[in-house]
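What follows is subunit A paired twice: with subunit B in the first complex and subunit C in the second.
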Partner chain A sequence: MDYFLDLVISGLMVGALYGIIAMGFAMIYKATGVVNFAQGEVLMLVAYIAYTLTTLIDMPFWLLIPATIMIGMIVGLIVEFLFIRPMIGEPVFATVMVTIGLAVFIRSLVVLLWDAFPHEFVTSLSEQVIEISGIRLYPSQIVAFITYLVLMAAFWSFFRYSRIGIAMRAVANKETVALLMGIRIKHVYAVAWALSSIIAGIAGVLFASIYDLDPTISAMGLNAFPAAILGGLDSVLGSGFGGLIIGVVENLTGGYLSTGLKSVSGFVVIILVLMVRPYGLFGEPEIERV
Partner chain B sequence: MSGAPPRGRETDPASTTAEGMTATSSALLELTNVQIFYDKAIEAVRDVSLSVKKGSLVALLGANGAGKTTVLKAISGILFPEDGTVEGGTIEFDGKNIAAMEPDEIVRSGIVLVPEGRQLFDTLTVEENLIMGGYTTTQRNAAEALERIYDMFPALTGRRHSVSGYLSGGEQQMVALGRALMSKPKLLMLDEPTLGLAPQIIEEIFSTISALVREEGTTVLLVEQNAQLALSVADYGYIMENGRVVLDDTPERLLRNDDICEFYLGFSDAGARKNMRDVKHYKRRKRWLS
Partner chain C sequence: MRKKLLIALAAASALLTAPNSWADTPGVTDDTITLGEVVPLTGPPSLIGIAEMLGSVIAVEEVNAAGGINGRKIAVIREDDGYVPSRSVQAAIKLINVDNVFAFTNSSGTSHTLAVMEVLGEDNIPLVNAHAPATAQYTPPRHNVFVVGQSYTNGVREMIRYMATQKKGAKWATVTQDDEYGTELRTGYDAVAEEMGLETVVQLKYKRGQKDFSAEMLRVKEAGATAMLNGGIISEVVAMAKEAHKLGLDIYAGTLWTGRLPIVQDLVGEAGQGLITVDYVATLDEPAGQAFVEKAKKYLSAEQIEKLNRYSVSSYVGMQLTFEAIRNCGDDLTRECFIAKMEEIKDFDTGGLMGPVSFGKGVRFTNQQVRMIMSDVANKKFVPLTDF
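Moving on to the complex of A and B:
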């Protein structure tokens, strides 16, 4: 039983990271209708820039987070402006292809600018294992989970109460009508990319501080993808929640069956779920009212 | 038929249409020889000129496919998602050419379109829909406008947190109208606001529209299938056919025009209702132009 609980808890911790990344997928998909396959690479880029920053200046952890937010925002806006904005009005598929190209580009760029070796991402968080009623956790894992909860709450209120958040949902619902309201679609796209990069960056920094920083970190994007599909690509909070499920399922599979099946299990889960609910657990089927 | 049908632009010296006459100083919206293409190849609107005086209610009538909706979309600047372009002529609003403006600039300058079929953001609540209508105004103005809309449509007050996709047709039309009024437009354009509504609701909508014009001084451009109803409230009427304005006159004279009566209202000279087959036959037999 203890083993089971251990697996579930550490699964939740990994799942929190998946959830954060999945929210980034959903954010862009919801606003622009594009699946951003460069999500993991944006994460990687932001994490590397943040890493360089920590090697240059001695930075306490509480300062690292706002710094990551700034870096994420700038990266997101630059990527949107250079690669995505020229694609507005082109078929969605073309834009998706651009994100795939972008993924390869950023991966190479990072190896070129930094290197392909693992680096230790040192944060001021203690490395001391904390034991809470028999379950052993690293402080950074707890920080990751708290960040996840904070982000979930933040996005919930963002989409409900802020004007730009509601506008994002409006654009997702009926783009032409959103134009008629005077909503600037380009602004909405830019905000979506910025927010998505910010949360990807946060996930990247958290992940790198738990493990190490090396170019394989970009695979986190693909690992989190099932979470977004599971929760429903058009539901940001649903995707966030999907992360927890995928995290736990992966850990249980790894613990009881074999570690090799670990990353496959997430995809098995989404295939099963999509057979029953093709729009994901929390995605919205179209309201057709004739 | 008794004699050739009169051509509006010849019989009414007050109308400022085709011949490029200068607009009367009170014209809020002035279209001059507007030509609209879809896909650069299909001519949807040819040489349309119309003018809407400040504080007036102008009806734009015509059969399906006459190009009425295309004209409204051109004014709002939302032809581009359908590959439509204004190729010739000018669209002037308040003395400025708005033909090349972005949709959000057009909204900001005071033109709002209520699209055909209401087009609510059906996944958003009533209040969120209304908030989107006030997207271009400041937060404080939007809050005031919100109260004004609830005063205007008390039925919506109890539904403010309902998802708008599940409202009745009449309530949806109220939301659509309220949403458009949130930004206090100078020119309100309505595309078939009574489509598919019960007669009682239609009456309510029309009394709201005429109250807006008579009491609040809003200028309205109304597209309607129900010609008789539209002409009963309008100050001036235009009739389109096959992408052209074929007639324009005061409602009294339009209603006295035998052709209009035959074509749109289904009355014969004697005032007896003709059956649909006769009307259809008549339609084939008679065209004003071409």
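Moving on to the complex of A and C:
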């Protein structure tokens, strides 16, 4: 039983990171209908900028998070303004291709500006293991899980109560009608990209503080993608929850079946779920009258 | 008189047009010998590639400062392959056809080198590889390829043998990569496990590039393992050690030579205290290594000195062997002569940077003696436990 619990808890810890990244995917998809294939690379870029900041300024962790939010917001707005805004009105497929190009560009930029070596992402969080009821965790893992819960709650409130959140839901529901109702679509797009980059940046910083920082961190984007599909690409909270499921499934597969099947198990789960619910666990079905 | 003049003219003309065999040798001129290198200078493995390049820079600067070899200076043209095999091949073709290099020194990864070897073989261009000593590079031996080092399989075999004698009755676990590198490690472990009758409680494979090892380490813990082959390369070695530390797993762990790169020690922190590594290259902390660093300071910047590691040392030794064969060919340097002189290298003294190095007739692998090294994280040192 202890073994099972250990697998589940450690799965939840890594799943929380998947969930945060998946929320970023869903945020952009919900508002713009675009799957952002540069999500992992944005995560990497923000994490590297935050890393540089920590090497220049001795910054406590509570200050690192707001700093990451600022960096993420700026990166998101720049990306949206330079690469995405010119694509408004173009086919979604073309915009998706732009995000693929953006991913390659950011990967090269990071290696050019920094390097390709692994770096220790030193934060003020203790390295001492904490034991809670026999479960041993690093403080950074606990912080990552708490951050996940805070983000889930924050986005639930955002979409339910804030004007911009409701505007986003309106745009996602029917862009033309939202436009006629006076919603400024460009602003909604910019906010979606900024929020998505903020989420990605937070995930990047948390991930780097638990493991280490090197350009392969961008692969986390791809690892988290099944979570977004599982939860429903148009459901931010559902995608976040999907992360936990993928994390636990991967760990149980590795713990009981084969460690070699860990990374495949998430994809097997989404195939099975999509066969029953093609729009994901929490996604909304698109119904067309014919 | 006229007859004497004709004879003198004929003799002069014969001398001028005499076919110096080196004159037809690519990359060799009156005053320069041009070598080529394909190394990963960008991408994650550049940590290794840059160090490797710096070792070669030190060797070349040193030999040129001493007047070159037999009156010729050494020039090296380096190409970055970004650790992509197709780019390794492109770079090698460019070095052969455009730059006309005499021979290749150093290399990129295992599969990259194997691909380049196919290109070199067509023209019998020599390669001295002191970087990635994979079995397939010297089995079967190729006429033009000389491999300096020890195979991953033998390295693991020797390390597990050492660890098993240090910790008798241990229950063993292995966590290795699901590729060719992992296969070599598992082959070494399996051989010594059978030979010594080791009790293996769990053997796991992981996906290349994996970051989270929680499930793997929990399985190792659940199986009751007390000793482990950590089959990671850099980040994986760190991640496994940290996860084991987190779980409170008191395990005697060993890994291959990448585990003793300074960056691994920095990243792993106290979780890596006591980690055993096997290597055939001296540490930079011991006298031979210190002398190497002092030499490097003459030719490299402070920033470059920071990037030196064991791959700089192995690369430097590889260059010394290359220079020795060139030197022994004298003025008449050809590729065939070079290969013959490489074959003749016997008990080459590396000044303590490695054990003695030997090739032989049909022998293309030096089969270096290995030693065990312990990571002393607290003092930021690597402590040799055995000699070469």
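Note that in this section the second predicted complex is superposed on the first by the 286 of 290 C-alpha atoms of A that agree within 3 Å, B and C clash if a C-alpha of one lies under 4 Å from a C-alpha of the other, contacts with A are read in each partner's own complex, and residues count from 1 in each chain.
Please note the rule applied: contacts are C-beta pairs under 8 Å (C-beta built on N, C-alpha and C of every residue); 3 or more make two chains touch, one makes a residue touch a chain.
In this text the structure is predicted, and so the values were computed from the model without any measurement.
A.B. asks: Subunit B versus subunit C on the shared subunit A, clash or fit?
C.D. replies: fit
A.B. asks: Which of the two, subunit B or subunit C, is in touch with more residues of subunit A?
C.D. replies: C
A.B. asks: Angle at subunit A, subunit B to subunit C, CA centres, as a multiple of 10°?
C.D. replies: Computed angle, apex subunit A: 140 degrees.
A.B. asks: Give one of first, second, both or neither to describe whether A:Ile166 is in contact with subunit B, with subunit C, with both, or with none.
C.D. replies: A:Ile166: touches subunit B, not subunit C.
A.B. asks: Would you sort A:Asp212 into first (subunit B), second (subunit C), both or neither based on which partner it touches?
C.D. replies: second
A.B. asks: Based on the superposed arrangement, let me know which partner A:Leu179 touches: subunit B (first), subunit C (second), both, or neither?
C.D. replies: A:Leu179 contacts subunit B only, not subunit C.
A.B. asks: Does the superposition put A:Val14 against subunit B (first), subunit C (second), both, or neither?
C.D. replies: The answer is second: A:Val14 touches subunit C but not subunit B.
A.B. asks: Can you work out, in whole Å, how close the C-alpha atoms of subunit B and subunit C get once everything is superposed?
C.D. replies: Least C-alpha distance: 39 Å.
A.B. asks: On subunit A, which stretch or stretches are contacted by subunit B in one complex as well as by subunit C in the other?
C.D. replies: none
A.B. asks: Which subunit A residues qualify as touching subunit B in the complex?
C.D. replies: Against subunit B, subunit A makes touches at 89, 163, 166-167, 169-170, 172-184, 284, 287, 289.
A.B. asks: State the interface residues of subunit A toward subunit C in the complex, per the touch definition above.
C.D. replies: Residues of subunit A touching subunit C: 3, 6-7, 10-11, 13-14, 111, 115-118, 120, 127, 129, 136-138, 207, 211-212, 214-216, 219-220, 250-251, 253-255, 258-260, 262-263.
A.B. asks: What part of subunit B is in contact with subunit A in the complex they form?
C.D. replies: 76-78, 80-81, 102-104, 107-108, 112-113, 115, 119, 121-124, 128, 131-133, 135-136, 139, 165-166, 179, 183
A.B. asks: What part of subunit C is in contact with subunit A in the complex they form?
C.D. replies: Touching subunit A: residues 42-47, 175, 178, 204-207, 209-212, 214-216, 218-219, 222, 234-235, 238-239, 245-248, 263, 266-267, 269-270 of subunit C.
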